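Mind looking over this structure? Questions follow.
Chain naming follows the written order as A, B, C and D, and within any one chain the residues start at number 1.
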Amino acid sequence: MAKHTGRGISAIEYPTGMNQNGDPSQAWIKIKPDGRVDVFSGTSDIGNGSKTIQSQIVAETLGVPYDWITYDNSNTDSSPVCTGTFASRATFVAGKAVEKAALSAKEKLLEIAAKELEIAPEDLEVVDGEVIAKGAPQKKIGVPDVAAAATWVHGELITGTGAHLNPYAAIVDPETGRVDSPPHAAISYAACAAEVEVDDETGEVRVEHMWQCFDVGRAINPTLVEGQIQGGALMGLGLAVLESCYPYYPSVEHRGTEFGSYFVPGIEGLPKIDTIIIENPSALGPYGAKGISEMANNPQPPAIASAVFDAVGVWVTELPITPERVLRALEKKDEGPRRDGKWVIFDEDISVNTVAAEGSRFRFPVGA
Amino acid sequence: MKLTVNGIGHEVESHGLQSLLYVLREELGITSPKAGCVQGGCGACTVLVDGEPRRSCLTPLAALNGAAITTLEGLGTPESLSVVQAAFHEQYGSQCGFCTPGMIVATTALLERTKKPTRHDIEQALAGHYCRCTGYVKIVASVEAAAGGAKK
Amino acid sequence: MVLADVTLVVPTSVDEALAEFGDGKGVTVVAGGTVVMADLAAGRLRPKKALLLSRAGLDGITRKGGKVTIGAMTPVAALEDGDEPLATAARHLGDVEIRAQATVGGNICSEASAEAPRGDLQAALIVLGATVRSGGKGGERTEPLEDFLAKGAGRLVLDVSYDDAPRQTGYAAAWRPHAHHYTILAVAAARQNGDLRVAATGLGPHAVRLTSVEEGGDAAVEARDDALASAWYRQHLLPRLVGRALADLEEA
Amino acid sequence: MKAVGARLPRYDGVAHVTGKSVFVDDVRIPGTLCVKALRSPLHHAGIVSLDTSKAEKMPGVHAVVTHKDVPLNVYGHLSALGIPADEPLLAEDDVRWLGQPIAAVAAEDEDTALAAVEAIKLDLEERPAVFDMRIAGDPDAPQIHHWGNWYPHFEAEMDVRQIRKGDIDAAFDAADVIVSGVYRPAAIEQAPLETQTGLAVPEADGRITVYSCTQALYFSMGVVAAHLQVPLNRLKFVGGTVGGGFGGKVDTAAEAICALLALKGGRPCKWRWTREEEFLCSSTRAAWHIEIADAVTKDGWILGRKTLTLHDAGAYARFSPYGVTKHSFHHTGAYSIPNLHFDGYVVFTNRSPTSAMRGYGVTSVSFATEVHMSRIAKELGIDPFEIRLKNANRIADTSPNGIAYTDPSTVPTIQAIAEAIGHELPAEYRAMTPDPREGDLLPEHLAAQVGEVDH
């Protein structure tokens, strides 16, 4: 029988925010005279859903319906600084900035409401678009009425700004890599299992099933975070078995310049993808959220490589695991690692020790 | 020559060998078909030609011969989404949105041919449509929802 | 794309197409457009004169006089439920939109690009014993597909024909499972009246007949590297796909 | 009604499904010119001469720019963080990768722009190239970068990113088994469906509006302002709706050149990269070469790890020093390994510069360390779940650079996967939690690494 199935697993971690931090985000919010909310943030939505996530954070923090929020990230004249949508920072760092801006606007909102209701601001809360006296819910005023009063009666603008910056964590000792404070906003964690089918005649690896569990801290929008994990899974599949800019790396020959000759995963043969979300809140993230969208493509390649070993007994440690690499590995299957004392030495043929010349800067001593 | 797009007749001036994609985007300003590759490999430029999905980047204007073109703009509006548009919205079948016009146009054609598509039918119909964001899981869910339900 | 200087001709009959094609010099033929339009957009092709065949009346499949004849402008999709192994090769090509647009004539005239093989139908047509009728320099002629392919491009394909006869067929192909995939290597086989024919697409610029396999020997053919796979891999794959195609044929 | 935790509809969902989302290429400004670039046809060469005079005189050509037109030609993506710059916006003395931009033109239409690019006269003198980073450190390797073949500007002008923790020699002496392996993740293309696209519009008040597909509006605006040497309020970046990025659009690819051409030509200038350019000329995820040797005990404890990482930066540094630093900080993966010796190099080769991509710096190390972990489990005959759970990082364990973990979830995520696939774990492994180590799970070799967690 030419086809063999196998399973492999992996466990990973990944930081939220730029490595070593130092990456600010800012936001500002104003409330229109009818209580509708304008959010200005500089976060690009690259499909990750940050427009939605940040609007949800503002709705929750202010206590108003989601559809009252207008979110504008369209330009740098009206939106303040956001370092950008990368480093898994759009929910955590930029989300924290809009949360702080919303808290600041809420403070102003309650200050005006306090005047209207003649109740101290600290005794008020905002629920579903209404400012309500704590413990006396019959005493209330709608957010639109507060906003109108601010505009037409009190001559005030209900607005708020927020900024979030984890200070730069300098490397204090370049010899050891020691840092002077945590070099990340948070860390998140994931584990994965993959099931593959390997054809030992053609070398083809088909990924049949991927199970993934991610600690997202808090799922601000569970469907969006699922979408990130599912999208990451297929990108991980691409990394594992399909994609390379240089099919004959390190040679630069035969680069693919179209989708027919550069292999991005398609919908045909889509594996089964199971997603498990656990919520272990980050102490500092907005509502406990961590950023997981980047790490979403990290656990599959090693799980798939281990599954290939489980299926046909060869370790392919150069990515992608092409049919050719599988066949070449199968040809040498009986060789195994070199054993030298207590050393078990794999992959010597591709090591710098073999390829680099005498006197190279790059060496990795192995063996007893 | 004459070209009917989303029910409206146009007199277009582009060279007959010009692609339908170019004519739609640059001459008529209809921008939902996307120039994702202009190689025929991504599906983002897909439009309906007499109801059949076609790569507009590979279709010369002169080959159209009076055909009726439908783009995503012709399927529904924000106030009145088509069943397929509503399903892609409700099932989060769109992330960055760049593949979405082609996906929805191709799905619309699929459901015209096949009321209850199997998973295999869906994969076949969308095989040439590339999405880097979703991992296709929610796209499949969107198509299944569109096939399964009337518009909400 | 540089179009301002291109003379576009859209013939409305076969005779007009042949007249406009002439000896083919300086003429770019646009059939379905799936290859040519991308080449135009990329600037790889800068024609002086383009012949768009969409209205030339070259499409359609006919069965008469013991022959199946497929017009050059017949879309690949029209083959999907037809004679094997051509139908399987057709179903395997590109995707639903590409198959609706790409044509049989275009496929026969497409050489492999620098990055990937093309001409998925060629091996299947070779094993069906197809002949090609074409026009151009020296007038109309009809010849076996493998001879036509070996001579290279430069002619206007009108149609392909093969015997409308019962046969056992087999097909096996390999590709990478990704969006808009090309075939790395495909092997087609057919036996008609005890006469076995085997051919492969993906080893070189066009499909080749594997006469050594037909004679019971090994599939010893040169292959080349491209963005899809190496020559080494194709040479390893070839005997396995030959085996699978022949097994498929025996099962049929 | 709660907004957080709710499956609320996408804010931009209706716009996406009706084709109303406006990406850069969908913006319509009357009089927009088409931009095309002259790019290097060679992997490594000296520029002998560059003559744009013929192209400039062609009808329909409104502007041609070369390095001479850029107020600050060499500016790094990480210059703002104090990392020195090495890459010119437009090549000046040499070209170091096939596809490197040398000049750009803005013309009435695409045909004219392409013809103008062809009319630029370029003489190159080909030089030897390096593609395999494993030989870039050889004594006789051709030098391909003015800094040498690997990055020399880490802190204290070190040419290597180091991590040193614990006593690595003692760990290797104490080991029962040492397993070494080599891991080589590939360079891949971010491959967003929207290619790099920029549109710069000169406004009446002297400002320039830049429509951008950047993932980072302010970051890119800073890069363009630096190249143009203008204050930030001379520019207005418009964007925020991006057709996929995955890290590739943290690079500012088209915007600065469009802005230069718009200033010089006085007309809006749009540059939409072709898919070929996106594949061949845009930055890619880097290829990596990682060698690991782990000192382990028979019962599956990892005592120490030695790592050599070579990062294939391509022709210029871009974000690579950042990527290797991040890689080093996470090179123990989801485990607590008390004794570490890590060396990481940013190696230059004559290929497209590499840049950020999803999981930047860590995707590579996740692959290497997790396959290595599976190999160790196989070698020792230990269940792959159990060896991972045992070594998993826990609250108060410390990272490679000495920071205590506060909320690790390695244990529960692994347990969840075991359950999902029906892998029965022994009771002691089912009962594990991320709580600080104690008892059998705090062997002597892990005691010293435990840190403090603020609560």
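Operating definition for what follows: a residue touches a chain if its C-beta (ideal position, glycine included) is under 8 Å from a C-beta of that chain, and two chains touch if they have at least 3 such contacts.
Given the structure is predicted, the values throughout are model-derived calculations rather than measurements.
In this structure, the chain pairs A-C and A-D differ in their number of contacting C-beta pairs, and the larger number is found at A-D. With centres taken as mean Cα positions, subunit D sits 42 Å from subunit C.
Inter-chain spacing, taken between the CA centroids of subunit A and subunit D, is 15 Å. Rounded to whole angstrom units, the spacing between the C-alpha centres of subunit B and subunit D is 33. Residue positions 1, 3-4, 38, 42, 179-180 of subunit C each touch two or more of the other chains.
Within subunit B, contacts with two or more other chains are made by residues 37-39, 41-42, 92, 95-97, 124, 127-133.
Multi-chain contact residues of subunit D, defined as those touching 2 or more other chains: 9-10, 12, 191-192, 241-246, 274-276. Interchain contacts join each chain to each other chain, per the touch definition above.
The part of subunit C that touches subunit A in the complex is made up of residues 38, 113-116, 174, 176-182, 225-230, 232-233, 236-237, 240-241. For subunit B in complex with subunit C, the residues that touch the partner chain are 15-19, 38-43, 46, 52-55, 57-60, 62-63, 65, 106, 124-125, 127-130.
Interface of subunit C with subunit B (complex): residues 1, 3-4, 6, 8, 10, 30, 32-34, 37-38, 40-42, 50, 52, 54-55, 94-98, 100-101, 179-180.
Interface residues of subunit B facing subunit D in the complex, by the touch rule stated above, are 25, 29, 31-32, 34-39, 41-42, 44, 71-73, 76-78, 81, 85-86, 88-90, 92, 94-101, 104, 130-133.
Only residues 1-4, 42-43 of subunit C touch subunit D when the two sit together in their complex.
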